[in-house]
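What follows is a set of structures for review.
The two complexes that follow have chain A in common; it is paired with chain B in the first and with chain C in the second.
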Partner chain A sequence: MKYIAKSDLNLFLAAAAKAMKVYVPVDNTSGKADYKLWSEGTVVSGALHTTRSAKDFFFPQTENLVEFKIDHKKIDIIDPREERENFAIFGVRACDVRSFDILDRVFLSEPVDTYYKNRREHSLIISMSCDHPHETCFCSAFGIDSSEPAGDVVFTTAAEGYYVSAKTEKGEKFLADIGYAFEEKDESGAEEAKAKTKEIMARLPLAKLETSAFGAGKTKEFFNRPEWSELSEACLGCGTCTFVCPTCQCYDIRDFKTNTGVRRFRCWDSCMYSDFTKMAGGNPRLTQKERFRQRFMHKLVYYPENNDGIFGCVGCGRCLASCPIHMNIVKVMKKLTEESK
Partner chain B sequence: MQEITVKETMVKRAKELLADGTVTRVIGWKAGEFAYDSTPAVFESAEEIDKDFVYDGFCAANVSKYLVKESAKEGKILAFLKPCDTFSLNQLTAEHRVNRDNIYVIGIPCEGKADVNKIKSSGIDGITGIEEDGDNYVVKTVYGDSTVAKADVTADRCLTCKSKHHVVYDELIGEDGEDNPDCGRFDLVKKLEEMTSEERFEFWRGELSRCIRCNACRNVCPACTCEQCVFDNPNSGVAQKAAADSFEEKNFHIIRAFHVAGRCTDCGECSRVCPEHIPLHLLNRKFIKDIDELYGDYTAGTDTESRHPLTSYTFGDAEPSVVHERGVE
Partner chain C sequence: MNETLIPHIGVVTDIRIDTPDVKTFRVLTPDGKKPFEHMPGQCAMLSIPGVGEAMFSITSSPTNREYMEFSIKKCGCLTEWLHMMDVGQEITIRGPYGKPFPVETDLKGKDLLFIAGGIGLAPLRSVINYVRDNRQNYGAIQVIYGARSKDDLVDYHEILDEWMQDDGVEVNLTIDREQEGWDGHVGFIPNYVKELAPDLKKTVLMCGPPIMIKFTLGGLTELGFQKTQIYTTMELRMKCGVGKCGRCNIGAKYVCKDGPVFRFDELGELPDEY
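So, the complex of A and B:
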């Protein structure tokens, strides 16, 4: 099996960067990690997660969709998109790889979001297994195995290096193209590393988080539950949970007047915001309770309802770590199923 | 005889005040999943308090802002306030944003709160429990136990705590503390002032480039209590859901810092909640330092009567030309 020592990682990235742009997690000045374009000298972060998820590559926080240039009665429609080159995202964890499937089901179903599709098709996912999960991790609750992430190419993390395998044709072609000379090692090291991760995952405090009460067809059961008041009472109505979330996908589109016409702008929106889905007739969710409920019902009930029972959460734990008042999907799930225990 | 902890005293008083009808609700903190993730919560009965009430080194959230909403409801609410939280409440009272008559304040001592991010950045994660042990925390994790000195994981804002004095309370648990003028809270501001304007611009451009515009800083800020923020109001013409460029990244934070200037009590919640760890409080501290230097020492929230220097005209006020006198470089 292909193997690369951790100390040689930069050699691999250098080879990969000759073929395409490669984005890697890098520590920033605040001690957290962001994805940055790899160049010679870039040090790959050892952080479990980037603060923002990798969804940004396919669904950026802001983008211009179209411009209308108006000259008297003549209107030119300008597509601001540039041709996209192939690019690779390195070090994507199992939870985030799964989040792409969740986003795909939204953006790639009819009507296809061609902006998203364009970026998605040009991407190569180099995933990395976890060897040191945090207490906030609960990917296993959604059937994700952090020791065996999906992706085009998988790096299985071992103590001193990574076992490397291609999982898709695209991944195989990429490895062949860059021609990096991996070491060859016995597969048992990879299996050992995976087993170790699985053993740790089983001991995590949220390992046994129960999801069976939720899913498609549960709207009536949960929508009017009195617990929503208590759960949402401390919510600040900020967008932290939605913006660090790898699966939150809501956006707002607005037209802005420019000197020469109109620019159609899209940016992330958050169901936590007071003007989310505001229409001419007002806002359908009058208080924070309804906005708060929307987020969790969407992840746990509405999304599965529309997507063959698949949950809209991957258990990455970013919201658990980031929420200013420490309210989160785990507390919601536990509270709503308390009685039935 | 076993020492009665602050938490036990708080629980006892909360139950007594609920029982004798002085208050109908209590705002405090509710225990979380991992020993460090308590959530502000309102309790309505002794049973609820027994079940979930917590007060420990990780109960950092300032509950004062919740009192805007809570004090508008019927019946009195008991609020447990740390020294820095009392400055926020006073400022809200001065601005008529809370109904002080509906709030019963118990001042609680604070020795500085722990920042779990500091524990985590020291390489400890997989946390399953944290226990206090004198000057240390014993952190239990799935990877084994670790001991960290409380002093090493104290939140930055608490390391430069301006006062352990409660500026408002109806009763107090423990002894009241004192102001600490030597807290060094302007040290980092001075460092920024000593930079050239280009260096300073680069510093802030770098920090604010991480902003995801989640609005957590604004929404948690006890000085930000507008019914509707200009940035949320499409009719304002400056509404902004996300920063489209680096100008907009900075614009939001600069406007916000100006808006709370003279009213910010330096509680530090903005930096505590920032998911990107942007040191936003330094913007506010620059204003506080400038106000101190131009108008004389002033701490917002010290009392509920005096007008802040930016809203009270005196003949001794700094002239606008001070900008030129102080120089850009």
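So, the complex of A and C:
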């Protein structure tokens, strides 16, 4: 099996960067990491998570959709998109890799979102197994194995290096094209590393989080539960959870007047915001309770109902770490299933 | 590939003042064609770049081969701007969106009862004219329409000069309060519907303000109508129009693509959040 020592990682990345742009997680000041474009001298972060999820690569926080040139009563419509280049994202964890499937089901279903599709098609996912999952991790609750992420190329993390394998044709071609000479090593090291990760996962505090009460067809059961009031009581409506969430995909479309015309862009939006559903005629979600409920019902009931039972959460734990009032999907799930236990 | 979020140019070729706060806009492509084909009940995204984009029901019937019409009430930012436009102004248009009224399936061969309040006539006008133009496919037509005053009746002249002249079309108009020059019925829609006690065989298509819908639905149920024979069309805030921007959902259903037309028994299955 292909193997590369941790100390040689930059040699691999240098070879990869000759073929395409490569984004890698780099330490930031908050003890987490951000994706940065790799160049000679870049140090890849050992952090478990990037602060923001990898969804940014396909569904950026803001993106121009269309431009208008306006001359009195006349309008010209311009598609602002340019030819896109191939790029690779290195070090994507199992949870974030799964989030791409969840986003795909929204953006690639008919009618296809071509902005998203275009980015997706030009991407190569180099995933990395987790060797030190955090206590906020609960990907296993959603059937994700952090020791065996999906992706085009998978790096299985071992003590001194990585075992490397291609999982897709695209990944195989990439490895062949960049021609990096990996060492060959017995597979047992990779299996050992995976077993170690699985063992840690099983001991994590959220390992036994139960999802079976939720899913398609549970709207009536959960929508009017009195617990929503208490759960949402302290919610500030800041939207941080939606912004760090790898699967939150709601967006707004707005116009911006430039000197020469109008630029129509889309940007992330949040169901936690009061004006998300506000119309001239009123607002169907009047208080934070309704907005809060929408977010969790979407992930736990509505999304599965529309997507073959798949939950809209990957258990990355970012919201657990970032919510200013320490509310999160785990508390919601536990509270709503408390009595039925 | 169909670029959903990139609109097309529409030219406003005619503006009709319907009521003090409703105007009907005729929209064509720059080369004088109908922007696209649609079915009754479907919607389109209209926008004035720099102001905003919003979903509007298409008021004209698909049987109108020449142009598309939108009856729009002035009630928010974009609609204020639309009302300030002059003929010849270009706007943007994209669509059609949503599921239409089942005019070619469930409604075929049925006696139809249309109940509309105020601007709620806009989406139903498309169906009424479609049915009038395909008269042989449907039974009797009854339209119960009410507004605040005589001046607030949208499409009043079309109602008087065309609908009321048709055989097999019964039109019942009502206004909320007594008004000089009005010798028709006075009173709210829900009560008027109960007074008229329409035949229980009719399939109902209803649109209007939420409060009217609520009480009329109650009235119809009292009369003995089943929820499975009553349709309505919904409206929530929308941005994309294709079920991706995430804001117009009622439970797991998106109004933009699973609606806007719902049958009341389907609507009853959804959470009460609209």
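Convention: the second predicted complex is superposed on the first by the 331 of 341 C-alpha atoms of A that agree within 3 Å, B and C clash if a C-alpha of one lies under 4 Å from a C-alpha of the other, contacts with A are read in each partner's own complex, and residues count from 1 in each chain.
In the analysis below, a contact is a pair of C-beta atoms (placed from the backbone, for glycine too) under 8 Å apart; a residue touches a chain by one contact, two chains touch by 3 or more.
Predicted, not measured: the structure shown is a model, and the values here were computed from it.
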item	value
Combined model on chain A: chain C and chain B, fit or clash	fit
From chain A, separation angle of chain B and chain C (C-alpha centres, steps of 10 degrees)	90
Contacts of A:D269 with chain B and chain C, given as first, second, both or neither	both
Touched partner set for A:D252, first chain B, second chain C, both or neither	both
First, second, both or neither for A:P133, with chain B first and chain C second	first
Which superposed partner A:G239 touches (first chain B, second chain C, both, neither)	first
Which superposed partner A:N306 touches (first chain B, second chain C, both, neither)	second
Shortest CA-CA distance between chain B and chain C [superposed frame, angstrom]	9
Shared chain A surface residues [contacts with chain B and with chain C]	252, 269
Residue ranges of chain C in contact with chain A within the complex	1-9, 49-53, 75-77, 79, 86, 88-92, 235-237, 239-240, 242, 244-249, 251-252, 270-271, 273-274
Complex contact set, residues of chain A against chain C	65-66, 68, 70, 73-75, 77, 79, 106-107, 111-115, 216, 219-220, 223-224, 249-255, 257, 261-262, 264, 266, 269, 271, 276-281, 284-285, 290, 294, 297-298, 301-302, 305-306
Residues of chain A that touch chain B when the two form their complex	28-32, 34, 48, 51-52, 61-62, 132-136, 200, 203-206, 230, 233-234, 236-240, 242-244, 252, 265, 267-270, 273-275, 320, 322, 324-327, 330-331
Chain B - residues contacting chain A, complex	32-34, 37-42, 61, 66, 117, 120-121, 125-128, 141-143, 206-207, 210, 212-216, 218-220, 228, 232, 234, 241-244, 272-273, 275-278
